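There's a structure below that I have some questions on.
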Amino acid sequence: MSGNTFGSVFRISTFGESHGEAIGGVIDGCPSGLNIDLEAIQAEMDKRKPGQSNIVTQRKESDKVKFLSGIFEGKTTGTPIGFIIENENQKSKDYSHIKDVYRPSHADYTYEKKYGHRDYRGGGRSSARETASRVVAGAIAKQILNTITITAFTTSVGDICLDKPYQKLNFSKIEDTPVRCPDKETAEKMINKIQDVRKQGDTIGGVVSCVIQNVPIGLGEPVFNKLHAELAKAMLSINAVKGFEYGSGFQGTKLKGSQHNDLYYPDGSTRTNFSGGIQGGITNGMDIYFKVAFKPVATIMQKQEALNNRGDLTMMQGKGRHDPCVVPRAVPIVEAMAALVLVDYMLLNNMYK
Amino acid sequence: MSGNTFGSVFRISTFGESHGEAIGGVIDGCPSGLNIDLEAIQAEMDKRKPGQSNIVTQRKESDKVKFLSGIFEGKTTGTPIGFIIENENQKSKDYSHIKDVYRPSHADYTYEKKYGHRDYRGGGRSSARETASRVVAGAIAKQILNTITITAFTTSVGDICLDKPYQKLNFSKIEDTPVRCPDKETAEKMINKIQDVRKQGDTIGGVVSCVIQNVPIGLGEPVFNKLHAELAKAMLSINAVKGFEYGSGFQGTKLKGSQHNDLYYPDGSTRTNFSGGIQGGITNGMDIYFKVAFKPVATIMQKQEALNNRGDLTMMQGKGRHDPCVVPRAVPIVEAMAALVLVDYMLLNNMYK
Amino acid sequence: MSGNTFGSVFRISTFGESHGEAIGGVIDGCPSGLNIDLEAIQAEMDKRKPGQSNIVTQRKESDKVKFLSGIFEGKTTGTPIGFIIENENQKSKDYSHIKDVYRPSHADYTYEKKYGHRDYRGGGRSSARETASRVVAGAIAKQILNTITITAFTTSVGDICLDKPYQKLNFSKIEDTPVRCPDKETAEKMINKIQDVRKQGDTIGGVVSCVIQNVPIGLGEPVFNKLHAELAKAMLSINAVKGFEYGSGFQGTKLKGSQHNDLYYPDGSTRTNFSGGIQGGITNGMDIYFKVAFKPVATIMQKQEALNNRGDLTMMQGKGRHDPCVVPRAVPIVEAMAALVLVDYMLLNNMYK
Amino acid sequence: MSGNTFGSVFRISTFGESHGEAIGGVIDGCPSGLNIDLEAIQAEMDKRKPGQSNIVTQRKESDKVKFLSGIFEGKTTGTPIGFIIENENQKSKDYSHIKDVYRPSHADYTYEKKYGHRDYRGGGRSSARETASRVVAGAIAKQILNTITITAFTTSVGDICLDKPYQKLNFSKIEDTPVRCPDKETAEKMINKIQDVRKQGDTIGGVVSCVIQNVPIGLGEPVFNKLHAELAKAMLSINAVKGFEYGSGFQGTKLKGSQHNDLYYPDGSTRTNFSGGIQGGITNGMDIYFKVAFKPVATIMQKQEALNNRGDLTMMQGKGRHDPCVVPRAVPIVEAMAALVLVDYMLLNNMYK
C-alpha cells in the first residue's frame, strides 16, 4: 500500500535510503529447491552499479549482496529471502548544501510536503539506489524463468536512435559497448552524445527496449491485471521513466485494423506481431516487446535555480558524482522488473493447472 | 489477483460477460455520507454507451445502472455499493460463426488456451462492455474528488493529430462533436477519417489525452506505487490500449536536463511542467497530463483469415455492430480510470493526516 | 481493506443490506471448467435459510440464487461469478421503531459512530443476512474441494453439551434433527432448550464443531498465514462468534508436552491428533477439527433498555421474527467459511507444484 | 500471500531462520515524524528474549535490534523501516541429530512435505525466534497508539488458573514475577508448576489474557475484517497457539440474551461488557479483552519416538535449551500482535475522517 512492495505472489519489498547504512529487501513467494547462482546475481548487479564505465557516474560502490535467509545449503527453502547491500561510499557531505533546498525536477519538494521529515542525503528513499534491490530480486526471478529470456538494450540516447527492428539485432553484442546498444555504429554515436552532454555539465534522456522470448501461452490475467498493464506499472515505477509502449505502441494508432491485425499460422503463431505477444492481457506465445522512455537526469553540473524551504529562489550547482545519461545503467533494471512481472504471472498461472 | 479488482482502498470489482444476463460490480471503500448524483453517473454512462452518434457502433444499449446496496436515502453508507447493468441487446446469434474460431488480434485464442472453456459470444469477458462498470465507479469517484477536475479528449485519429498544447484548448468544446476533440477544425477531419475507414469496412486507432487539474500536493506513494505508475496500469488495463506517456513522455527523452528541469516559482509551483505534475511519484500541485494510445479495433467488416479450433485457417468477416474507431467512446473510460486512481491515492494519503 | 472481501486468490466480495433490493457477491479466482451443481448450492442455501424449522426464525425468504456471470453452458469459465439473492420478505416497517435507537449488543451504535449514516432496517449491512452470500461461495468452493469433506454440527446449546469425540458420531444423522446435532438424545434436549428460551422471549448461545477430512498434506502458509489462523479469522468473521479453538484448544493448555505430543506412525500419520491436523500452520494429513462459540442472539422478545440518538435510555421490545438460537442455521455458514479457506490455500499450494 | 507479511496498511514483513545469520523485517506504512524511543523497543525485546529468568530457556541472545532505514535524526520518515537482529548463539550442532528426523508435534514433517528442502536447524523458519521481529514492529506500533494501552499477562499455567476478573488486578504487578501473572500468590504457584515440569524434562501449556484500554470508538471494519476476527488471526499466528476467545467467549455461549446483552449508559458506554468492547466488528469504546491458549512446548527433555525420513520410528531426546512453558515469554508477543492490529485499523479509520 505504501508502495514499497511489488508483485502479488512473488513479492519483493525493499527498504533503504541512499546514504543510510544499507539498503535491502525481502523476497517472498520464491519456490523452494531452486539452486541459487550467486555469481549470476552479482553479474546483474555489476551491470547496474556505478563506476562501471566512463559514461556513467564515477561513484564507487561494490554493490555486494549479502543474503540473510531463505537459502540453505545453496538452495531456496521457500521461506523469505532477506538480503542487504551496504552503502559504502556515502559522501554525505556532498549533500549538505541541499539540506533545506528543493532541487528542480527532483522529489525533494514532494517528499517534504508529503512526509514533513525526510532524509535529504542523496535523494534518500527517492534515489535510484533503491533499484539495486530490484536487480537482486529480478536476478532470482530470471533463474526461475529459466528458458524464458529477457533482453533489454538501449534504443535511443537523445535524438540518436537505433531504427532497426529487434529481429535484425544481434543481442550478443549488447554488452560490447558501455551504452548497451547492440548496433556498434549507433552505440558509438550514443557514447559520443553522452560524453558531449557530460562535458557541458548537462544530461540527456533516452529509450530502453526490451524483448521477452520463449514465452509460454496463457500468462496474464484479464481486465485490470492484464500482463501489459502490470509491465507498464513495473516500468513506470523505475526512476525517471516517462512512458511505456508495447507491440505497435503509439505508432500503431495510425494504422488501420486491416493492417494491424496479426493473422494466424495454423499452429496459432502469427505472421506479424503488432500485438506484442499479448492479446486481451494474456500471452499468445509470440515475443513480447516494449519500449521505456527515460527523461534526462535532473541533477546537472550547471548552475540553476532551486527553491529553499523559506520560499527563496537560490542558485545551486550539482555536486557529487552523477550519471550524464541514466539509460545504460537502466538496462538491467528494466530486465529485472520484467522478470519480476513474468515470474509473478507464471506462478499465478500455475494455480489452475 | 485474478484481475477483476482495481484499487487498494477504494476498490471496484467487476463481473459480467457481454452477452450474459447482466454485467456489474461492487465498489468497496467508498466514504459514507456522500450524496450520490445519479444523473451525473448516467451522464457518464451515456458518453460511453453504444449508438450515441453516427461514428460509433450502432448497437443499442440503454446502459441504465441499477444500484442494489450501499446507498440509503440518497447517501452512501460506507458499505459496498453493488450495481448491475442489464445486457439488453444481445444478438448472440451474431456470434455463432465465431464459436470455434479465433479472430485475429482478439483475445479468443488466448482465453481458449488459458481457460479451456469460454463464453465466445461478443468476446465474453474480454469485451469492452466490461468498461461500463468502470464508468459507474469512476463517476462516483469523481463525486468524491469534487474540485479535482479530470478532462479527457481525443488528440488523434490515425494521422489526424491535434497539435496544440492543452493550455490552448477550450475544454468546454469537447462535447460539441461526437469525436470529443475540442478543436473544431481537427474534430471535423477526425470525423471524416472515421467515416472513411468505416466505409472501407476498416477501423483506425487514435490517442486520448487527459488533464487533471486542481490536484492537491502529496498524492502518490513512492517506489513501486508511484502515482504515474498506477495511472499507467489503469490506462493499459483499458481494452485496445498500447501505450502511455505522461508529462514530457517519449519526446522528453530527446531533451537535455537543462531544458527539461522545471524551475520553481517561490510558491513551489513551476515555470514549466515537463514533470507532468508528479515528482518521485508524488503530486506537486501542478497539472497532471498524459496520453493513451489506442490500437485500431480488431473487428473489421472485411474478409480476413481466422484460425479455428481444429487448426484450419478460414475466411471470416466481422458481423454485428462495431466501432470503426474506439477513441470517442474511450474518452469517458480514460476519465473513469483516472478518477479511480486519484480517489484511491487521496484516501491513502488521508491516513497520515 | 474495507472488509467486504475474503480470500487471497479464491476471493468472495459480498454486498447488500438485509432490507435493500438484493444482496449478492462476486467470486473471483474460481478455476474454469468446473461443472456447477446448482442444486447442491441451493441445498446449502436451504440449510441456512429462515423458516426451515420451528426452532428458527419464521421469517420467509426463498433465498434463490441468481447467477449473472462466470458460468457458461453449465461450466465455470474462470471469469468472476456474479450473483444476487433478492430480499423478498422485507417487512421494513418492523424496524421503524429502531430508526434512532441503538439496540443493546447490536452494531447499531458502532455503525452510527463509524459511518454517521446507516441503513437501520434489520441491521442493514451488519445483519447476518449477508452470510447467505458466503454460503453461495462456500458451496462452489466445496465442489472444487471435491474429496475433502467438511462437516459441521451443533455441539452445545446453552449448557446442553455433546460430550462425545467426533470419531464416535454418525455424521449422517446431523440433518435428522433441526438442531443439527448428530446425537439424537442430545439433539432433543437442545431442541427443548431452544423452545424453552423462545417461550421466555429469550435467546441462547451455543457451539458449532467442524471436522475436515481427507485433507492433503501441505496446505497452509507459515508465519502469519498459518492455516488455523485463517480459519480463526474466517470463523470470527461470522456474526455472533466469540471464540475459536482447534485441536486440543483451551483444554490442551492443561496438558504436559509428553501427553500432548502426537507420536508418529511410520507412514507419517499420528497416533493421537491433539495438533488438529495442522503443524506449524501446515496440514499434516490428519483430520482438522475446531470449535466455534456463538453468543446468544441480541434481539430478545422482552422489554429491555436501549439508547436513542439523543442520549436517552428508552424501553424497547424486539419485533420482527428472530432466531432464539443462531446455532442451527450457523452450521452451514461454518462449513462455507471453512470451504473458502481450504480452497484458497489449495490454489496457493498449487502454485509451487 | 506466502504468509510472511501482516497488516493491510501498517505492514510488517519478516524474514529469517533461527540459525541463519540474522532475522529481521521491514515495516511499511509507518507514519512519518514519529520520535522513535529505541529504549522502549529494547525493553519489549528484553521481555521476549531467552535467558531472562530461570523459568525460561537458558539460551543466550542479546536480541539487539539494528535499524537500517526509515529513521533519520531519530524520527521516522514515512519510508520503510528495515531492521535486523543477529543470531548470536547458534549452537547448530545441537540440531545435527534432527537433520533427517521429524520431531513429534513440530513443523519438521509438514515443512519437509511442503517445501522438500528446509533449514532443519532449530526449527528454521518455524522457530518462535521469528516472533522477535514481531516484537520490534509491535513496539513501534505501541508508540503510535500512544494513549491506547495494551496489557497482556499470564492467566493460567497448566491447571493453575488466575480466576479474578481483570478489573480486580493490579497491572503494575505483572513484571514483579518472571511468570508475568499480576497476582502474586497465583504467580508463585505457576512458577512452582513450571519448575516441576522442567525437572521432569517435560513442558506445560497455559493461557495469556490481554486487555486493551482507552480505545477510540469506530475502529474495525465490518463483515470479513471485523476487529476481533483480525485479532484472532493475529493471535493464532503466534507459535503454539490453539485458541482465542474475546469478551464472554466460550462461557458466553451458556448465557441467555437477557443476561448477555450489554445495556447502555446515556453516554454510550455499557453497564456490562460481555461484548468485549466490539460490536459488529467495530469498537464501541469499552475495553477490549481476550484470551489466548498456548499448548505445551513440543520439545521435551525425555526420550520419545520420532520419525525419520526413511520412514523409521526412532527414539530421540530433546537437546539444546528450551522453554518448559512458553507463556511467560509469549506475553510481549501477544501485546505486539495486538498493537499491530490496532495501529492498522487506526490508520484505516483515518482514511475516512
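The letters A, B, C and D name the chains in turn, as written, and every chain counts its residues from 1.
Following the convention adopted for this analysis, a residue touches a chain if its C-beta (ideal position, glycine included) is under 8 Å from a C-beta of that chain, and two chains touch if they have at least 3 such contacts.
These figures come from a predicted structure and were not determined experimentally.
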| item | value |
| --- | --- |
| Those chains which touch chain C and also touch chain A | B, D |
| Chain located farthest away, centre of chain C as origin (C-alpha) | A |
| Interchain centroid distance [CA atoms averaged], chain A/chain B, Å | 27 |
| Rounded Å distance, chain B centre to chain D centre (Cα mean) | 46 |
| Mean-CA-position distance for chain C and chain B (Å) | 39 |
| Sequence positions of chain D contacting 2 or more other chains | 1-2, 4-5, 8-9, 14, 32, 78-79, 114, 125, 222, 348 |
| Footprint of chain B on chain D - complex, ascending | 9, 31-32, 78-79, 222, 347-348, 350-353 |
| Complex contacts: residues of chain A adjacent to chain D | 1-2, 4-5, 8-9, 11, 13-17, 20-26, 28-29, 32-33, 68-70, 72-73, 75-82, 84, 114-119, 124-125 |
| Residues of chain D that touch chain C when the two form their complex | 1-6, 8-9, 14, 102, 104-107, 109-111, 113-114, 125-126, 130, 156, 158-159, 197, 200, 202-207, 217-218, 220-226, 228-237, 242-250, 252-268, 270, 274-276, 278-284, 291, 293-300, 302, 304-307, 311-313, 348-349 |
